[in-house]
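Right after this note come the structures.
Each of the two complexes below includes chain A, the first together with chain B, the second together with chain C.
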Partner chain A sequence: MVEASASVKTGEPERESAMRDWSIRLRRNAEYVVIPLFALVVSACAFSLFLLLVGKSPVMFFELVQRGGFGTAFSIQNTLQRSAPLILTALAVAIPARIGLIMIGGEGALVVGGFASAAVAIPLLERVPPGPTLFVMAVAGAIVGAFWVGLAGLMRHARGVNETISSLLLTYIGVAIMNFFVEGALRDLTNPNKPSTKPIGDAYMMGKIPGTDVHWGLAAGVAIAILLHVLMTRTTFGFAVRVAGGNPRAALAQGLPVGKLIVACTAIAGACAGLAGFFEVAAIQGRANASLAAGYGFTGILVSFLARHNPIAIIFVAILFGGIVASGGLIQRRMDLPDATVLVLQGLTFMILLASETLYGRFSIFKMDAGRDRT
Partner chain B sequence: MIEARTGVRALALETIGMTKTFGALAALDDVSLRVEPGSFHALLGENGAGKSTLVKCIMGFYQAEQGSLLLDGAQAVVRNPRDARALGLGMVYQHFTLVPCLTGAENLVISRADAPAVIDWAKEKRALSAFLDRMPFRAPLDAPVSQLAAGEKQKLEILKLLYLDQRLLILDEPTSVLTPQEADEILGLLKGMTDAKEISVVMITHKFREVTAFADSVTILRRGRRVGGGLVAQMSTQEMGGLMIGDTQISARAARAERPPGSPPAETVLELAGLLATDEEGIDVLDRVNLKVRAGEIVGIAGVSGNGQAPLVEALSGQRTLRDGRIFIRQQAFEPTRDAYHRLKVFGLPEEPLKNATVPHMTVAENMAFRSFDRPPNTRFGWWLSPGPMRSKARELIARYRVKTQSPESAIGDLSGGNVQRAVLARELSGEVDVLIVANPCFGLDFGSVSEIRSRIMEQRNSGAAVLLISEDLDEILELSDKVAVMSQGRIAYVAPVGETDRATIGRHMAGHA
Partner chain C sequence: MNDSLVVIVLLSLVGGALRVSTPFIFVALGECLTEKSGRVNLGLEGTLVLGAMSAYATSYHTGQPWLGVLAAGCAGAMLGAIHGFVCKLPRVNDVAIGIAMMLFGTGLAFFFGKAYIQPSAPRLGEIGLGDWTGDAKIASALQINSLLLIGVAVAIVMWWAFANTRWGLILRMTGDSAPSAKAMGVSVDLVRFLATTAGGFLAGVGGAFLSLYYPGSWNQGLSSGQGLMAVALVIFARWNPLRCVIAALLFGATGAIGPALQSVGVTQGYYFFNAAPYILTLLIMVGSAGSKRAARDAPGELSITK
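Up next is the complex of A and B:
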């Protein structure tokens, strides 16, 4: 047959070809950075237009975001505080995305996870010391969250139920279940204002990272993101997930347990979101109530898509959005803009980001190709 | 108007000095070719020679870095496929592009660039039948495309281009999904239209038979360069083959090792017992399939495509659940799990490997490791990946199976069609094989590779593997098999040792009257 191909010269030194492999990878990956950045810039422009339309100054807006989110040591800590749950809820989108599922149930898993942590704490308070109690709470949050999103994965695998819809519906059910208990059996009757569970009390609240005002959730989020990145890129589990997500037919032909992988990925996702709920309860709120459903789960969807479902990128994007969330109060006060303004910005960004998906493969500088159908 | 000029509708096409590089690789290097109006032009070349790239540059899918395109002698600028279409260039792909749930008529009408938002079907139907009256052939227009046979679909694809008034048709391996009879019919019809100067045709193919029977002129590419061409009547197929492969040697075909006479029959390795499967609508696609394959034996399954071959391969590769029946390997019930594939050494090459056996955006090295990524040396501690051994194994396989790729890190989806096939085969044949299931292993391969792949299959048989070969190419089956089985309407209709049967008998069973 044919002799060794034109391009793969057999005598080529190993190092040179390794260099080329590396440059091919670099080029391919550059696209994943440049296009989301581009989408961000376009959304900032679109949002500026919106502000101009309602008669506000875009310059002032972005200045306030900068100041309120990143301007002072205090605001940076505030930002980091808020990015902790975003990292975790974004991971709850990113991991299922690797196996080809679009799960948007992070909000629900956060709520049920947070509620479960608060609920298991009640009988332990005063009897068990804070350390073990917090541990039990974290485990409960993670398990319940894992169950919650894993259920959507299981229904997808066993019955072919669309996971996006089911995870969204499960969110409403989760919020309703929490309300049911918080307004009923588990209601703290000493607190007449807002139906909540019994507070865990200051002695049981989780501490701060030493030298900062930021709770341990941030450290945990970063560590989990790095762990999951390693899991997805350097382990056989991650490899199998990438195969199953890239082409389920090929995965089946390799005998990979596609169904189990789906359930595993969704359970990991749910555990992340459940942990986010745990940190909200144990480090911020001290109790479970309706303010757990503060939208972190939904913002996490946007964060994950902007980060192209890459756990490491999620850390940075989450901090950016944590800043936007953190500056919300300042913007509200200074510019007399309603709360929903930030939601408009997020919505715009999401739309533009989704539209920018069509740009992949259009720019020849990133790739050696442009077309799809190959024969 | 062109009609006014010469009375010829067919377009003349010329490329001058086309060059296209992908990174460091020159996929096309200064390629010039000329297609006379109303001629049937064949484009030949081994896998990865740049044939698809050339026609994609012409059609505006890729932008050539250098070179120009002349249509009827005038410079033409094609920035995207829409431009190409406006200029009268149409392309038929190797895969079908019709919408399966729509009827033929609906497919034709919606393909029009100016399809109105609200379609007046009565009017369109009249216009369509007027159009069909002018056409030399027909295709069923009222049935959903999903119910059509491959040949009918391909006719419809071509009718679509004619309906869109394209005057130069480019066909990229149009016959690989067709039986020889279907191929002859369709190419004959196109030939008639070129002879009438209605259209010009450029066809990529690996089959010399089609070139000599239908083409007027030919261009031969090798490694992105034009190495020859001219009138088909003045060239022999030997000459063409020589130009395709240059001075490289075709390795000798592995011969069938005969079992010593009088030795006891080999052990049955693969046994299919009453396999029953249905499709989404509950129609039986496998109707109690029973078959045995012994060690060191190739059983070839012949049949008209669509008679259950694809579901059979899917059932054997875990992509389709059986309603009933069992698969046994060495008397053990076989479930398509990863552990069973490994323990029982079951390997396979499904058809359309890009769709069925690879993840297109993963790298060649990763795709080649699908079998072994979870075993040492690719892993440590059972779960930690070591990309180093994976990559060096890929380098070895790429060299051994002569897969043309820029690097093991290229996405496998960027390889040429034939090279994807080779990469998957390298993966599946690289270990010790006990059971091998191959479906149409030589689709889209150049003749050198065909010879090599068949050799590899024969080698596996000679070293004791039980081979199940599902093929639409009867010549392939007769050449390789020890035993021939015919599949018809989801069941095995006939089994005979290859020495005790003939084409006519097989053909009769294939057609379902026996």
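Up next is the complex of A and C:
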């Protein structure tokens, strides 16, 4: 919306005014960076207080996050590895958010998408070469994921069912469906430890980005984020979505197909999360089992809100949180903290971030000169 | 032979419904109270889990399960108060805060609860509804807990108070139209804050039932969506506390199908029956969300039904 209002008044030919526009835009957009950063700092302080209350050292905690997430080349690669699904699950929140929906079904779409890609691979193994197999797996994951979240969008459009509740319910259903097959018809009987599907095998696993230890999911995530950013800001589709998200009644009055836009946005969201599931299966796990529901979908919600549902910002926030997730093991071992520590940190950050929404428009420093183009 | 099988299944279904439904009743009543004031708290799943953990820990340390129930209520009230306080700030979205509270409550519960997974705490006692029959099977199926009776009593009191007391009127007015509440000199924020806190208390008590009676132990998989389903159930019950109880019993029965069939040796499709309550909730939401009656009974200020 900021860009729309700024580009409206390029009618003035003078270079000087263009410069002033640019500085106003910068000032206004600075608010969207400064306030989330402020919320992050407050969350870090609040979490430090929490650690002090339970008798642990916050200094050590943040040092371990720094070392375990970003300290060495190995840890950076580990972090990037974990950012890949976070980018995709955050996009699964961001795109529906543009049309005004709070969709939290990313975890479920990741699980069913991952399961679908593992399942379609079974009959193809050793008959079809790895390349086409991986392609079919990716398509299956994306389609099933799109269906899963799209269903919540359809229910929203057709019956007015609250999408937040329905998408979370679909997550539970998705996990139950995967368990049903993994414990039953598709269970790999040679693996007695953990009910899983048949492994796709090393030959069929997805390779790494050359020169690194990071799988292609990261590159795909970044590319999809950029693509969706272009879709949302530079196309009529994206414009229609933003109008419908800003004011559904006005959009309907303009003849925009709001229902179709809702279903399309949720399907895109689901496809992103389903692809995250595909990458987890094809590049990390090699099979579908309960480890797919590792909480990437829920962390993705926080990532998207922190990035203010901006696909480009999501890439950077996802890398930050990938680092926190990656350092989880180190923190558990060194500080004797339970693995739920990260969940506490996330919940706290999310709460403080949402509370910081109230700060927008309260500081005059972001508004200087801005009254000029307000009518 | 076949008749007795059917009887066993039906008995364990009724018994299961009575047992499984209690947390649903409490969470639904808590959410009903909150939504009547015009605000939605989606975080009751987290409240339920934190309540379960606090109850178990308190019961373990003091040996008094009822103190555990109180602790659960207080933990729930604390989460509710945080929700109520943050939502009071302008431009803060109550649905999104609910998601944050869900993560935060679950995180706190798992963080502090890790030490209590192993030890066993004293549990709440039971009341034998079927003892008079002298049949051991019937007696064990119909054992209930006094929390169920308390929940039903709370529902009746709430139903009566909504319609007949000054507080009930203020609450309903705040939920239906904040401007008229303001015109009457009522502090909308205060009413909603109190309603969310009290709602959190009830949801916390529901959590105590999970860890102290049925299933009766604390672990991280204790609640899987019950809190969320109870929130959905309030829409189905059209914000009426008595209908909340009936809907909770229905949900309890659905949740009991899997274990009931398992008790007679039908294990096929166990995971499918695990998913049954979620699917039922979705179907009920699809059926009831768009209905005219739901639209009429919904509190006017509620963001979730708009």
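Quick note on the criterion: the second predicted complex is superposed on the first by the 353 of 375 C-alpha atoms of A that agree within 3 Å, B and C clash if a C-alpha of one lies under 4 Å from a C-alpha of the other, contacts with A are read in each partner's own complex, and residues count from 1 in each chain.
Note that in this section contacts are C-beta pairs under 8 Å (C-beta built on N, C-alpha and C of every residue); 3 or more make two chains touch, one makes a residue touch a chain.
Computed from a prediction, not measured in an experiment: that's the story for all the values here.
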Which of chain B and chain C A:100 touches, first, second, both or neither: neither
If we overlay the two complexes on their shared chain A, which of chain B and chain C does A:253 touch? Say first, second, both or neither. first
For A:71, is the partner it touches chain B (first), chain C (second), both, or none of the two (neither)? neither
Figure out whether A:235 sits in contact with chain B (first) or chain C (second), or with both, or with neither. first
Identify the partner contact of A:58: answer first if only chain B is touched, second if only chain C is, both if each is, neither if none is. neither
With the two structures laid over each other on chain A, which partner does A:25 touch: chain B (first), chain C (second), both, or neither? first
Set of chain A residues, in rising order, touched by both chain B and chain C: none
Provide the residue numbers of chain A that touch chain C in the complex, in ascending order. 102, 104, 155, 158-162, 164-166, 168-170, 172-173, 176-177, 179-180, 183-184, 298, 301-302, 305, 337-348, 350-351, 353-355, 357-358, 360
Chain C - residues contacting chain A, complex: 42, 46, 82, 86, 89-93, 95-111, 114, 224-225, 228-229, 231-232, 235, 269, 271-272, 274-275, 278-279, 281-282, 285-286, 289-290, 304-305
Contacts from chain A onto chain B in the complex sit at residues 1-8, 10, 17, 20-22, 24-25, 28, 234-240, 242-243, 246-247, 249-250, 252-257, 364, 368-371, 373-375
Chain A-touching residues of chain B, taken from the complex the two chains share: 21-25, 46, 48, 52, 56, 61-63, 93-95, 172-173, 204, 223-224, 245, 248-251, 317-319, 336-342, 348, 350, 354-362, 366, 369-371, 373-374, 379, 382-385, 391, 398-399, 402-411, 413-417, 420, 444, 448-449, 451-452
